[in-house]
Structure formats: structure tokens, C-alpha cells
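Multiple structures are listed underneath, in C-alpha cells.
The following pair of complexes shares a single chain, chain A, combined with chain B in the former and chain C in the latter.
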Partner chain A sequence: MSVAANTAHVRPLTHGQRVFRWRLAFLAAVVLLLELYGWYGADPTAWVPVSKIMHSLYKDVLSDSKIVTALGWCVMQITVAYVLSIIFGVLIGLAAGSTNFNRRTLFPIILILYVIPQVSFLPLLVLSFGLGSAAKIAFGFSHAVFPIIINVVSGMRSVRELHLNAARSMGASRFDTIRHVILPHMVPSLFNGLRLGMTLNLLGVILAELYVSTSGVGYYTKLFAEDFNPGPLFALIGSLAFIAIVFNELVRIAEHRLTPGKHKQTAIKTKKAEQP
Partner chain B sequence: MVRLSAQSRIIQAGFLLAMGALWYYATAVGGVHRLLLPPPGEVWKTFYGLVQTEEFWRSVKVTFWSIAQAYFIAASAGIIAGYILTRSKLITDIMEPVLSGLFTVPLTLLLPIFILFFGIGPASKIAYGATYAFFPVALNTIAAFAHVEERWLRAAQSMGASRWSTFRHVLIPSAFPVVITGLRIGFVICFASVLGGETIASAVGIGHNISLSAEQMEPGRLYAWIAFVTVTAVALNLLLSAIENRVVKRDRR
Partner chain C sequence: MSAPDANNDVAISVRNITQRFGEAGSPDEVLALDDVSLDIKRGEFVCLLGPSGCGKSTILNIVGGLFKPTQGTATVAGRLVEGAPHPDQIAFVFQESTLLPWYTVIENFRIALKFRGMNKAEWDDRAMAALRAVGMASFARHYPDQLSVGMRQRVNMARGLCVETPILLMDEPFAALDEQTRMVLGEDLSQLLAARQKTIVFVTHSLAEAVFLSDRIFVMTARPGKIKTIIDVNESHPRSPDFMLEPRFSELRNECYALLRDEIRRTVAAQRDPQPAGT
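After this line comes the complex of A and B, so read on.
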């Protein structure tokens, strides 16, 4: 009887919940396999069990103030590079997309610059900016700025002519048009660019960090890799991956919050309904 | 319309010329240090000399062979994995966010691990390039096969199409353009990551030569290599985009 009473309360899982549970199970299985492989199959100079990696995360990485400082610098570089690339990306994008003529002239140049493998410029960048943070910030910036520009331009293209004409005929100034017509239309596309920009920004900063192996995070990855010491190496790489995931999530949360969503649309609808 | 585009072309050509002129001016008159920006003439002379060395062609061969191997692995694994995963809606829903989430983490982080596993030679770059390029191919293949329109499949079924002819005449034509885009993005990423791997840690290849000339403070050779990579990348990209446009258009017709 009690069983029947219990089952009466159990609701069937929705598709989303089922998917979520299976995904967790899959990830847990992967971790478990890696753990078992570390205990029974792996060469200890190449892979150690996950539990040992977690242990060296505390013992070797997080308790070493030098490594924590290096990670902190990494976070700072990512942030600065991202802020710079948003400012310049949006400004250049607005300039390049402001007229048809500008777009047709400048956009192909930007697209061509975007497809150049920038990593070939990395040694040059380090040569001119030095081994410190400046080179890493510059490299993150040069990676992130292009997707932002491109998405700003394509966002401006998606603004409807009708709305622009309406704003113009009601005597909106150029600034008002940008503020109230173009910007709200651009938001989804802008966030596409910001998301991709963050991904590439992380790539750029971390590439530069790994390339400069005399200081910072790159020094420690090289040190651990050359010592054939996979525990701290994987712990350090895991911490960097965690930083990357947090940054990506921050952008996603901002996108979720700032994209003109349902509540705004309903607000417009109710306004219309109020009108006699 | 035509006049506008001709005007744009002129301005683009003018932009390139202006960059060249600025380069020349900065080195000849502006007093930018030779180490940071050598004069164009010197770069051209170095490049001309470089092409005639055997070392140049050996490095180019190593790099392009690595790229080809990495791309082959990534493309075949990506398409097969993408196709298999989309055979069940549940598995697609489980795995797609895992893959796209992984792809937003800079996989460059794996490079030290690959070097630990495969050593400093081309094998670690192949593994790195293949891993990085796998994701765009797989994600596009998933997107292509998971969003085939239901009514087309039903139509094929109700007209009594066999499994194979549904695959041949419905699934493939509908998925093809998206897969091709994935393959193009995959190639661009493969190219950049093999080069990046060579720049960071290698003993052979183009990337190694770039970082070596920077370390040895030989700006002429550094710029010659960079120019070579840039021109090659832009040319390959234009070629791939042309192929993509052509194939996709023919498919739509």
C-alpha cells in the first residue's frame, strides 16, 4: 500500500529532465573510466587517476601562491582584452556598418583579416610587446575584436528599412536613431559576436600564455610537462579550463539578461491594447 | 550598383597600397626599428632567398602533410560521429550541448598534454589539429542531420522509400550544405591550430621557423614566413569559399 502511495506522487520525467540525467550519467561514466584507466592501464608519466589530479590541485596548484598569482594575471588579461575588444569592436563595427558604401568597402577587408591565422603573428607580438601581460592582452584582443565587428555589422544590416524610415520621418536625430532603433535590433547579433569573441579571446590569451614559457602559466605547464608530472599538469590545465568556462558562462548569463525578451514584448503589446 | 562596387574595389586596392606605403614610409623615413619592422625590400629579398633553400620546402612539406593528416582524421571522425549521434533524438539532446560546451573551452590547453603523449614531433600537432577541427565538423553534421524536415522524411516513407533511398535522396541532399560549411570551418581551424602547435612547441615545420626567426632576431625571415602563411591562408580560404558556394548553389538548383 505504501508503495502505491509513493508511486502516486512520482511524476513522469519530462524530456528535458531525462536528457539532463543521462548527460550527468554520461559525464560521470567518463570520469569513472578515466579514474579506472589511471589506476590499471595508464603509464604514470602520462596519466594519473582523477582523484590524484584533484589531490594535486590542492597540494601543488592552489597552495602554491606563485601559480595562483599566475592564474590571477591570466584572469586580468582575459578581462582587459575582452573590455578593449568590446569597445573597439563595437565602434569599428558601427563605423563599418553605418552606410552601405562603408560596409561594402570595409567589410571584405575585415573578413580577410579575420581568416589570417593570427598565431603566425604571435612571435612578432611578443617581440614588440615583451614577455609581460601586454602581449597576451594584445593577442586576446586581436582574436576577439573581429567576430564582434563582424556581428555588429551584420546586426546593423538586419535593421529593417521600414523602422529606419519611420524614425527619420518622425524627425529622429542620428544619435536617436542609433540609440532607439539600431541598438535594440542589434542586441541578438551583438551577443553572438560577444560569445564567439569570448571564446576566441580565451584562445588568444591562453595561446600567448603557453607560448611565453619563461613566466606565468606557460612556465608551469612547461615545467610539469617536462618533468613528466601529469598530476599538477592536469590540475593546472583543469583550473584554466574552469576559468574559461566561468567566463563563457558570464557572457551567456549577460546575454540571457540583456536580450530584449518576452517581458518587453508583452509590454509593447499591452501598450497597444491600452490605446483606444 | 555597379559603380558603387567598382568604387569599393578601388578603395580596397587603395587600402592595400596605403598599408604598403605606410610600411615603406615607416621603415625608410619614420625610423621604426629594423628589428620590429624591416623594410619591404628586405623582406622580399629574404623571401626570394628562402624559397631557394631546401629547408623552406622541407618545412612547408612537414606542415602541410600534418595539416592534411589532421584534417582527414577530423573530417572523417566528425562526420561519422555526427551522423551516428543523430540517429537517436535522446542521444543528440544529451551530447550536442556537451560537444558545443567543450568547443567553447580553448582546446589549446590540451596542447601540453598532447606533447606529453606524442612527443615534440608532428604527431602531437596532428592530434591537436584533429581534435580542434573535429568539433566544428561534428557540430555542423549534428545540426545538419538533426534538423532534416520531418515532413520530407514522412513523405519519403509514405511513398515507400527504402532506408537507403531515404538516406540517399532525402537525408544527404538536405544535410549537405551545412556539412560543407562545417568542413570549411574545420579546415580553417585545423590550419591555424597545426601552425599554432608548431609555433609553441616543435622542432620542425613552418610554425617552428616563425618562432625560431623571432628568437634569433631575424626580422627579415620572420616577416617572409608570416607573409607566406598569410597569403597561403587567404588564398586557401578564398578557394574553399568558392568551392562551398559552388557546391551549395548547385545543390539548391
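After this line comes the complex of A and C, so read on.
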């Protein structure tokens, strides 16, 4: 009986489970190496063992209400910048992609703006928006909005003529066509833009955070760095990384849920089916 | 503005249509149709038969109102088409499947019925009836890319049927199907025609299909497309497979073949001879 119970547990792993276990093992190995390096090799003003960083995370970062508030502001800025980027990115994208004329006029300009390295404008941005959240939101926005616009435009552009013709021949209104043909077609491309936009948005906000070091997360990183205090410094940076990962995951989950034809199956209602 | 031919028996009337593609005067300019005129009566089943590239799809597109011809007019049920579709009159079955890949089969039917302004309560009944007619009812919840090419085409055709317009334009709807399924669906179509008095314009490359289904076969020339000959098939609908065994059937089939062979030879020869303008 106990033998049967044992064999029932020894099931071969699925491919996904094996991948997951190897991934965990790899991460554990990296953490272990960093830990050992911290104990035996590293300059204690530059790196400390992972266990000490975790301790600082609890002791210096999460228990300091000012730092937690600063991280909270950071989350707020990322959110606001992202929401603004989506609204403006999609609207500008729709406007720029709606006709051939608009696209040919606007698209090159947008592409050029996109490739300009924006870091050089950061001091200027701080000058005009001040040291508060506005500058950070603006910097996140100016990074995120372009990939969203570009992907919306290219998504609209690749709609198949055949589908548009079919919809037209069925008597679809302009609104119907947008709702059922153009928008669903755009969704994968839109999410490409949203994912890229989130990455760049995080970059923009956090860059501005670190640059403006008179308050907020940037102030604390500077404080810890100047004290040669790597424990809390890395704990703080780790917290930022964690925030970034959570935001990226949110976009990924939204993509999975909202891409049409991936999850929903609707019931069919016919009169025959209702009468058994 | 009154139509040039207000005859009530005429469902579709095409007058002197010429269609050019590409920029005028450029080497890419293609003369697809050259002064084509035809009349299709109400309740008639007409096949367009002709070599590939002769402009069959173009005729359907113009009649369906997808674009305006370079010259000439098309009239559907007494109304000029002028590049605007008449969804209340015409259902279009395109050569390629136009099912939207992000909707399931049933959802594709629903939006087709919605676009045409059908009552929502009827959507699923109509859809399932049309799917049953082509033997695809059990795939209603599948996505188009989960179906084989032939299954997709059956669904695509059923979607054209479910809206029950008086006129059906069908561009090679059976092209990806096996011979047997073609036959069965062809018989169904013939039955439908007898029962519902639909006007059908049908493009095919299959001679047997053309003879089996048509009241009249419009044989076209190679590009630039013109109507070369009209062949009458005097046989009432619904037609049974026995019709194919009659000597008359093979005579008509051979007649079509003889007409087409010259045209196809001409197209192939034109392609083989290198054009001096190219280099």
C-alpha cells in the first residue's frame, strides 16, 4: 500500500516543470556565488553578501517610512507616466495611421524623435519641470510614448485589404470596421508597443529619480553610495528592480488576457439547442 | 438617375466595362477588362470561365461595388453600383477565405449578420443552419486557423449563404476542396437555387462544375478579358448527378474546353515570349 502511494507520487516532470526547476537552480547558483563572493572576495565598501543585503532591505529600507514613501512616489510616477503614454500614444498613433497622407507626413518625424537619445535633455527637463514628480513623469512619458505610437501605426498599416473589402461588402459601418477588423488586428502590435513602452518608461522614470538627488529614491541612493554602504544601497536598487519586474509582468498578463482569440469561448444560442 | 436597363427580370447588368490597373501610360499598366457587357437574369446561375488572370475576379469586384471601373457601369437590381456595395442585395464569397482570425467561426457569422443589420436573436440560428448545410456545425467554436484550408472555405461559403441576399457572387468557392465535396456542395447549391430563386455568379476553373451548375456559361478570352462566347445549358434546377452521365453533358464540357484551350495557349505563349521592353 505504501509502495503504491510512493509510485503515485513519482510522476515524470512535464517540460514546463523541468524548465522551471532548472531556472530556479540557476538563480540559486548565482545567488550562492554572489553570497560567497561577498564573504570571501569582495571589497566590503563595494559589495556585501546577499544575506546582508536582505537584512538591510528589512532593517534600513522597508522599516524606514521615508524610503517606503519615496518608493511609493516612484510607483505613482511610473503609473501616471505610463497611463499618459498609453492615452497619447494610442491617440496620436491612430491619427497618424488613419490615412496614408497622415502617415507619410508624421511617421518620419516620430521615428526621428524616437531615436534621439533623450538623456541629454534630462537637465533641461528638470529645469522646466522642477525637482518634483512632474519631471520624472515627463521623462518616463517622453520615453514610452514613441514606441507605442510607432507600433499603433504599423499595426494599422498591416490590416489586410481583403478583410477590409469583406467587411465593406457586408455593409460594415466605419465604426464596425474599426471595432471588429482594425482594432483586433492591431492588438498584438499594440502590445509590442506597450511592452517596449513599459521598459522605456521604467528607464525614464528611474533615470530621472536617480538624477534628481535632492529628494526621493535618488536622494537615498546617493546617501548610501556616499556612505560606502552597499547593503542598503543594493537593497534599495533591488526594490526598484522588483517594482520594474512587477510592472512588466502586469503588462504581460494584460497582453495574455486581452489579445482576442486567446481565451474566450462564447456560448452558442439557437432555438433548437434550447429545446431538448 | 435611372438605370440604363430598368428591366425587372435583370438582376445584374454590366455595360461596357473597361478596367485598367496601374498608372496610365506606365509599363506596369494592365488592361484587365476590355469593354465587357453582360446581363444576368433574376434566378439565373451564371459561371464565369476563363484563363487565370483574365479578369473574372475583377468583374465580381466591380459588380460587388468594391471599386469603380475605369469606364462603364454596373447595375444591380436596377440600381447603379458606382463603387459602393449593396449588402442588402449581394453577398460576396471571396476567392480567399475572409474569416477574421481573431474570431471563432460562430463569431465570424455573428459579425457578418450584425454588419448587415440582422436581428440579434436570429444570428445563431441562421449561422448554425448555414454551417449544418456545409457539414461544419461541430466546428462553430473553432478558430479559423484551427481548420483545414478546405474546411475554412466551406465555412467561408456558408457565411455568404447565411445572410440570404437575392444575389450571390462566388469567386472560386470550391477551389480548395476535393472533387467529391465539390460535387456534393454543388448539388446543394443547385437545390438552393431551385428553392430560393437566388441569382448566382460563380467563378470556377472546373469545366464539369461550370456545366453542372450553370444556366449559362460566360467563356472569357485571355487578358484583356472579354466575353468570348455564351453557352446555354438547358437543364432545370435542382440538378441530379445523373445529368453528368448524359452525352449532352460531355458535349458541353468539350465545347467549353475547346474554347478555353485556344485562350490558354495564347496566355502561355505570351508568357514564354520575352518582352523586348523588359531590358
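The rule is short, and it goes like this: the second predicted complex is superposed on the first by the 247 of 276 C-alpha atoms of A that agree within 3 Å, B and C clash if a C-alpha of one lies under 4 Å from a C-alpha of the other, contacts with A are read in each partner's own complex, and residues count from 1 in each chain.
Simple rule for what comes next: a residue touches a chain if its C-beta (ideal position, glycine included) is under 8 Å from a C-beta of that chain, and two chains touch if they have at least 3 such contacts.
This structure is a prediction, so every number in the text was calculated from the model and none was measured.
Chemist: After lining up the shared chain so the two structures overlap, which partner does A:H180 touch, if you call chain B first and chain C second: first, second, both or neither?
Modeler: The answer is second: A:H180 touches chain C but not chain B.
Chemist: Is A:L91 in contact with chain B, with chain C, with both, or with neither (first, second, both, neither)?
Modeler: Touch partners of A:L91: none, neither chain B nor chain C.
Chemist: Which partner does A:V246 contact after superposing on A: first (chain B), second (chain C), both, neither?
Modeler: Neither: A:V246 stays clear of chain B and chain C.
Chemist: Using the touch definition from the top, say if A:S128 reaches chain B (first), chain C (second), both or neither.
Modeler: A:S128 sits against chain B, while chain C stays out of touch.
Chemist: Where does A:S169 make contact in the superposed view: on chain B (first), on chain C (second), on both, or on neither?
Modeler: second
Chemist: For A:L36, decide between first (touching chain B), second (touching chain C), both and neither.
Modeler: After superposition on chain A, A:L36 lies in contact with neither partner.
Chemist: Scan A:V83 for contacts with chain B and chain C and give back first, second, both or neither.
Modeler: In the superposition, A:V83 touches no partner, neither chain B nor chain C.
Chemist: Check the contacts made with chain A and report whether chain B or chain C touches more of its residues.
Modeler: Answer, by number of touched residues of chain A: B.
Chemist: If I apply the document's touch criterion, which positions on chain A are contacted by chain B in one structure and by chain C in the other?
Modeler: Chain A residues touching both partners: none found.
Chemist: Can you tell me which positions in chain B touch chain A when the two form their complex?
Modeler: 4-5, 7-8, 11-12, 15, 35-36, 90, 93-95, 97-98, 101, 103-106, 108-113, 115-117, 188, 191-192, 195-196, 199-200, 206-207, 210-211, 213-215, 217, 222-223, 225-226, 229-230, 233-234, 237
Chemist: Touching chain A in the complex: which residues of chain C?
Modeler: Interface residues on the chain C side: 61, 64-66, 85, 87-88, 90-92, 94, 96, 98, 100-104, 106-107, 111-112, 114-117, 124-125, 127-128, 140-141, 143, 163.
Chemist: Mind pulling up the chain A residues that touch chain B in the complex?
Modeler: Touch list, chain A to chain B: 15, 18-19, 22-23, 26-27, 45-46, 100-101, 104-105, 108-109, 112, 115-124, 126-128, 195, 198-199, 202-203, 206-207, 210-211, 221-222, 224-225, 228, 230, 233-234, 237, 240-241, 244-245, 248.
Chemist: Flag every residue of chain A that touches chain C in the complex, lowest number first.
Modeler: 162-163, 165-173, 176, 180-181, 184-185, 187, 260-261, 265-266, 268-272
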